[in-house]
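Supplied in structure tokens, the structure appears directly below.
Each chain gets a letter, A, B, C, D and E, in the order it is written, and its residues are counted from 1.
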Amino acid sequence: MNGPSHAMTLGTDLPQLAPYLVLAVGGLAVMLLDAFTGGRRKDHLSLLTLLTLLGAAAAQGAVPADPRGATLMGGMLAADRFSRFFNLLTVTIAMLTTVFATSVYEREGRHRADFYPLVLFASLGMMLLAAATDLLSLFLAIETMSLAVYVLVAGNRGSLRSSEAGFKYLILGAFASAFLLMGLALLYGQAGATDYAAVRRAVDAAPAGGVLLPLACGLVLVALGFKVAMVPFHMWTPDVYDGAPAYVTGFMATGVKAAAFAALLRVAWLLPPVAEVWFPLLTVLAVLTMTYGNLVALSQSGLKRMLAYSSIAHAGYLLLGVLAVLNTGRDSATAVQAAAVRDAAGGAILFYLVVYALMNLGAFGVVACLSRSRDQEADAIDGYAGLSRRRPFVAATLAVFMFSLAGIPPTAGFVGKFYIFDAVVKAGLVPLAVWGVINSLLSAYYYLRVIVVMYMKTAEGEVHDGHSWEAAFTCGVLALLVLLLGVVPGSFYALAAHTFRQMTY
Amino acid sequence: METFLFYLFGTLMLGAAAMTVASRSAVAAAVWLVFSFVCAAGVFALLAAPFLAILQILIYAGAIMVLFLFVIMMLQGPVLPAEVAGRSFGRKALLALPAAAIAVILISWAARGREAAFGAAPVTGTAAAVAELLLNRYLLAFELISIVLLVAIVGAMALGRKQEEQP
Amino acid sequence: MAFITDHILTWTAFAPALGAVLVLAAGRTPGAARRIALGAALADFVLSLHLLRHFEAANGADQFVEHAPWLAGGKIAYSLGLDGVSLWLVLLTTFLGPLVILSAWRAIAERVREAMAFLLLLQTAMIGTFLARDMLLFYVFWEAMLIPMYFLIGIWGGERRVYAAVKFFLFTMVGSVFMLVAILWCYQQAGSMALADFLQLELSRGQQSWLFAAFALAFAIKVPLFPFHTWLPDAHVEAPTAGSVILAGILLKMGTYGLLRFAIPLFPEAALALGPWLAWLAVIGIIYGALVAMVQQDVKKLVAYSSVSHLGFVVLGLFSLTTTGAAGGVVQMLAHGLSTGALFLLVGVIYERRHTRQIAEFGGLAHAMPAYAAVFLFVTLASIGLPGLCGFTGEFLILFGTFGSGLLPHARLLVALAATGVVLGAIYMLWMYQRVFLGKLGERNRGLPDLSVREWAVLLPILVMIVALGVHPAPLLERLEPSLERILAPVAAIRQTESSYGLALGVSAAQPAAATAALKGDR
Amino acid sequence: MESHALDTSLRWIVLVPLLGAALNGLLLRRMPRRAAGLLACAAVGASFLLSVAAVVRLAGLEPHHRLLADSLGTWLDVAGVRIELGFAMDQLSAVMALVVTGVGFLIHVYSLGYMAHDPGFNRFFTYLNLFIFAMMMLVLGENLVMLFVGWEGVGLCSYLLISFWFNEEANAAAGKKAFIVNRIGDFGFLLGMFVLGAALLPHLAGGEGLFSFRTIAAHTHHLAPWATAIALLLFLGATGKSAQIPLYVWLPDAMAGPTPVSALIHAATMVTAGVYMIARMNMVYVLSPAAMTVVAVTGAVTALFAATIALTQNDIKKVLAYSTVSQLGYMMLACGVGAFAAGIFHVMTHAFFKALLFLGAGSVIHAMSGQQDMRLMGGLRRKLPVTWPTFLIGTVALAGVFPFAGFFSKDEILWKAFSDGNPGLWLVGFLGAGLTAFYMMRLVVLTFFGDSRASEEVRHHVHESPATMTVPLAVLAVLSVAGGWLGWPHFLGGANRFEQWLAPVFARARTPPARSRPQARSTAPRRPTAPPRTPPPPPSGSWPRPRCRWPCSASTRATAPTPGGRRWPRSCTPSPAASPTGCC
Amino acid sequence: MTVGLTHYLALAAALFLVGMAGVLIRRNSLIMFMSIEIMLSAANIVFAAYARLHGDLAGHVFVLMVFAVAAAEAAIGLAILVEIYRLRRSVNVDDLNTLME
């Protein structure tokens, strides 16, 4: 009565599922390892985590993208280039996060054993989120990711800031989940089934003027907007970014955002005529998101908090890209042109997400690198005075990240913004592009401030920075990547656009 | 009969939910919530979902709410006076009740004349039927939910640990 | 050598960047860093001489063209080219490069390695800007210039360096972001980022106006055109000598170069319609800059404001939209690069000795430092446009080219107003000279050492070029003219029925035919 | 294009002084004083000899082909704007070249003595040589731009030399003032040049130098509508350089410089550049009666006005300075009434006697240990046996006493002013001449006659200057006497060779280019009588032919001799008659 | 009057709004938490109603998952709450202001 037995496909889908399985099994293994090794040294935990992530990447690499663009497990997950892309991105983010976290722990001399499995599970959630092609898998993926991240945020034992941040995130996250669920319920109601293909059919068949479908769509957008920190659902962001340890913040700011945008893209693609209804509102929100983030970031004195607001602003830029994706149906342009623009916009978003991940992780990595312990993070921007003398290399990398975040050539941040704005212009939304560009100008001011402090101010009194060779090295690699992608982004962008083009549901 | 039950459960559930929101005391709120969930189980039953109705009572009204009450009791002493003394959100929240009532009336009114009865249920959500689906079509979901719970366990353990290990 | 000469433009552009990498890698001691940097800059100069030697004078098209697909399947390309305009500006850059490094030899004593690397990176970005023939590539170089300059001002600058650096950065960025949107829009229309394709665009007048405005804003800020000049004095005053020299010598030329290369030929109708506004701003800037320079108490600030005035001339020349005026503009760019660059070097010389630039602190310096005084006077004269020196060639061509421009309304009035700048320039420069160098020598300035050999080595090439440009600009103009004709061709195409040069008898540019008729009838 | 003789010596006339300046300037410190001085003198002397040789060659040419040309190449050539880096010598330039290098050489020699003890000796000669270079550039420049280059160059040297003793703030300020006031004039010059160029450019065939004087002369008909504007704007430049109202203010201050400088630059050569320029551009000026009137009136007013100021001055150099301004006014007046040759004649004679006067004054100041106030002098007659007679010769020459040089030139100007139908101008000039005689006599009396009013100490030191100073005085005295005889007018039985010599230059402009061979002579029979005050409008359809507003040119008189008495208006008795009345 | 889908949707909507009001108005974190549970059950009712309409049990599976997720969220949320309480002795959201400084 429910069609063919989908369990039967498990065998054939198994290779495609390998990355997820590796992560799940690895997470369990790390847990068990911790349990069995008790209070002794924890280096092997991070080692095993990294190995797991590498394994997942290898598994993903070993399995070719499904040429049929088919879905797995009866339509629950996509095994397309899009999911591959995000899987690899997520794994990368997780590895970097692990390195930074380990560097902090080693300096402090005590490990947080729960960090490692949680990072793995959170990554699993993110990967699934990007791959979900079923309402149920979407929901569960979001929850897997979110729950793990709640704990990561709150997990600094004994730190009130951390706990408060975690709780705030959890309450608001659960609130958003409720919205998401309501939206999914209504979508399910319209489609009569939970897989995207069915939903798309129902959407295509739906008569015009229906209320429930747009409402459902709006609720889902709210929930995803919450995850990407879109105004007005951003209010958790600064507190949570600020309260969580720097490496976790970096993880959240990049991984969660990337996965949420992946989901958003799939949903946006799934529901174009419906999302259309929300276009004006979404436009306003995107503009507000950019502007609010940048304006408030101007006055921050803490680096993490500044980056939090800046991440809101960056969500705004990305939303511009989403708008470009959505807008392609509006013009009377031919289908081919519309598709080209949509691909360009989608590619721009993917590219930007990667760039954003690199530079933001780098920035948080520097914070982690310089933090003396979990409770003495290198957060105050004033504390960076004279850093360029004390730690020229680290300062240089942070400068690169800041320039990149500000979108100044020849860094990847510029190219990313370029692609986004290019797509926006292509979609005929020139005023939005202008506004975005003005915003990136605004943002230059606060990013520059960090550089000013590092390079042009001298420290008052004795300053003790933490230091970690691995973290500094990683930051260096990231900076190099940021520059590299700023100079020769072409093939990577082509890959991103290609990836987006082959997105399935 | 179905109409009567719907209105009975619906009104009670809504009222209990409103009381939950409006309660000054967390304990009272929790009790009202349990009540609301029981009514929800009734609604599920009406919707040909007996398995859900049972689970609603077992898991929600049972396990989850017990957890809540447990925590409330643990924190009871100093928690509630702070809010009571400081603010009167309870009373404001009572406004939610008439608002919800009005919403119901309005929606019913809007649906007037166009409402079609469900008719006979084509399938009934028995444990067996749901399990069949869960372990076939939604096998992945089944696996996933186990990971969600695993995360919850790890998280709760991590948060509940007395103190982190020192070197 | 073929691998160099086949990609000579790339080598010219990136040799300094290579030098920067070397400096960072091998410049363990300040001395080594300086030597490597100087070597790189000199090598770059040699490369640019190769360009000069093999440049075909009569060819106005881009030469030594390099093209490689970069992004978007080749629609965005790494595309370099060199025409007459670029040639000279590149030469100016490579010429000043080693001198700037020499000037920073002692002045920058700490964090030498970084400073040298930034100087070299800046040079790469500047040369790249002059060579880029792809709009995105241009934009990348354009923005990339900001970073090293920002650091140069911010780290090695004076008291208020941070303020100045940030102001510099933000001001310049304000303009360029709008340009980016305009570039994107054109890209969308043209389907490629190639400058050549942009030139093929057929745009309505309204579109042109908007795009022109976006481009012109970016360039006007960089120039800087009144009233966008406020960042300039701060940046100049706070920047270290080397930074000021580059800023005045080359960076400011980016704005005028951009106007000439992009804003005018891409949007000819808008240039015709809106150019007069810019020309008026330019003239206001000429006079305003001169007046403000007159009241400055700080030598460097005075020179900075004089830049506002001088670059006003350049803009005026460009918007005459005549070949003569534009040629004057380019010559004036070079002249200003030399003379103001030299002035900043000279101010740096005295600043190194006395650690002040207040005019009131000096007086009678010609007694203590006669050679310095003589060189300073020489450069001052070049700056105020004494015939026979570089400043005159540019000013003359600009004013003359503008005077009879049939494409600029009120051209004669504008020239008359601009020419007062010549008088005002003499007033403020000579007054400053008098207060600093003439009169009685103060106690504190007794025994100041005169120019050292190194300082001579920095200044002498500039002095020679100042004279060369003043006495024999013909080779320059010869290579410039075909390129300018080509660049201004779109403007000429619109008004092809009109002679763009010549005096009309009180008839506006709009009715040239009538003017000619009137002239004939009068005879 | 007229044929012209190539002559590469022209460049050396210009460049040798530059080389001298360069050598002196670059070796400033290491050069022994004597060597520096001699080098400078040698450079100017060489320049002078080359000029003489060139003039001789020039004179050897047929009168209407008298043009030597030399080119160093093209200065710039862009979009039809072609400007040669060229030199040319015609009769006008020849006169100026000889005067500048000749007087310049004498003053160089004089300076050897005058500046002997100055610490800035080498620098001084550097500047002097540089000045000669710039002045020769101005004089020999083939086009208006080259002229302008020299024009600015002399301005610069003037600046340098005025503020030579820059230890005094006042001297520095005076130099700056001179430069800036000149710049105001240059502003007009530039604009005038632009109008001219812009009017010409559309009509040029390829290869013609845009601002070349020959081009301008060949295209005067295109300039007609703009002539007034061009002429007036250029005249603004001339008022700056030649210290005319209102831009005369810098010249008196310029006396702050060393006295030889005052003699060379602010009396003999540079200040006459404005006159030279107007004479050079005569073909444009004659197109605009209005502009001519402005020039004439400005000149006349300046002549009188400056003379009145000179009356009240007590500083010996200031008197001479204002006298210079006044005399420049006469030259302008001459140009304004179309007597370009007379103007240039006065330039020449004035160069002789004013240089003499200044150098004499310098000798006096030298003797008086730097004292310049005439009220503190007196009775120097006996103490300065060379200075005194030479000074007197200069004075009478300036006052216009027959047969000294000043008589011939000034007389010519006044006569031309009158005969042009401008008795008002003549009257003003005449009054000025009277005043000139008066203030010069006052100067002589105060300085050389009576008892010494100087302090004991100064009186003790009074001595005649060394030979290096007195010999030039003597030479100049001779020139001040005989220099005017070149222009011995017809009514006194002469041939006015000077005017004849220059005639082709000034005739050129008045001849329509349509005619194959410009001949001033051909117009002569047509103009036996004075023209009406207001010219009839030029006939339309043809180029506006410049109207000769004066009855005759040199050639007129040469070819159609008339009784001198008829030419001389009764009221315009020769200056010798007038001077005694003005002299007390 | 027959009871059909719309009635259930109306009921769910009302519940959802009540829960939402609770989250937005209340400051007691426990009660906020409970309000979210109310919202979740509203969604559950929608799922069940549609499942009934379509005769498709996927909705039931969804509800089942929501139960589990709610439990997981409650477990973690309450654990954090206890931790906060230990550190601060308050669970009033307005007192969670360490981060506002």
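Worth a mention:
Simple rule for what comes next: a residue touches a chain if its C-beta (ideal position, glycine included) is under 8 Å from a C-beta of that chain, and two chains touch if they have at least 3 such contacts.
Source: prediction; values computed, not measured.
Think of each touching pair as a link: the shortest run of links from subunit D to subunit E has 3 of them. The set of chains in contact with subunit C as well as subunit E comprises A.
Here the chain at the heart of the structure, going by C-alpha means, is C. Two chain pairs, C-D and A-B, are weighed by contacting C-beta pairs, with C-D ahead. Seen from the C-alpha centroid of subunit E, the farthest chain centroid is that of D. Chain centres computed from CA atoms place B at the largest separation from subunit C. Our note on geometry: subunit B versus subunit E, Cα centroid distance of 7 Å, whole angstroms. Separating the CA-averaged centres of subunit A and subunit E is a span of 26 Å. Computed centre separation for the pair subunit A/subunit C is 44 angstrom, with centres defined by C-alpha atoms.
Rounded to whole angstrom units, the spacing between the C-alpha centres of subunit B and subunit D is 111. Multi-chain contact residues, meaning those touching two or more other chains, occur in subunit E at positions 19, 33, 44, 49, 53, 56-58, 61, 65, 69, 72-73, 76, 80-81, 83.
Multi-chain contact residues of subunit D, defined as those touching 2 or more other chains: none present.
Shared interface positions of subunit B, defined as residues touching 2 or more other chains, are 123, 133, 137-138, 141, 145, 148, 151-152, 155, 159. Of all possible chain pairs, the ones that touch are A-B, A-C, A-E, B-E, C-D.
Residues of subunit A touching subunit E in their complex: 2, 135-136, 139-140, 143, 147, 150-151, 154, 157-158, 160-161, 163-168, 170-171, 174-175, 177-179, 181-182, 184-186, 188-189, 192-194, 238-239, 242-243.
Within the complex formed with subunit A, the subunit B residues making contact are 123, 132-133, 135-141, 143-145, 147-148, 150-152, 154-155, 157-159, 161, 163-167.
Residues 25, 28, 73-81, 85, 145, 148-149, 151-153, 156, 159, 163, 166-169, 171-173, 175-176, 179-180, 183-184, 186-187, 190-191, 193-195, 197-199, 201-202, 221, 224-226, 540-543 of subunit D touch subunit C in their complex.
On the side of subunit E, the complex with subunit A involves touching residues 12, 16, 19-20, 23, 29, 32-33, 36, 39-40, 42-44, 46-47, 49-50, 53-54, 56-59, 61-62, 65-66, 69, 72-73, 76-77, 80-81, 83-84, 87-88, 93, 96, 98-100.
Put simply, subunit E touches subunit B in their complex at residues 1-11, 13-15, 17-19, 21-22, 25-28, 30-31, 33-35, 37-38, 41, 44-45, 48-49, 51-53, 55-58, 60-61, 63-65, 67-76, 78-83, 85, 89-92, 95.
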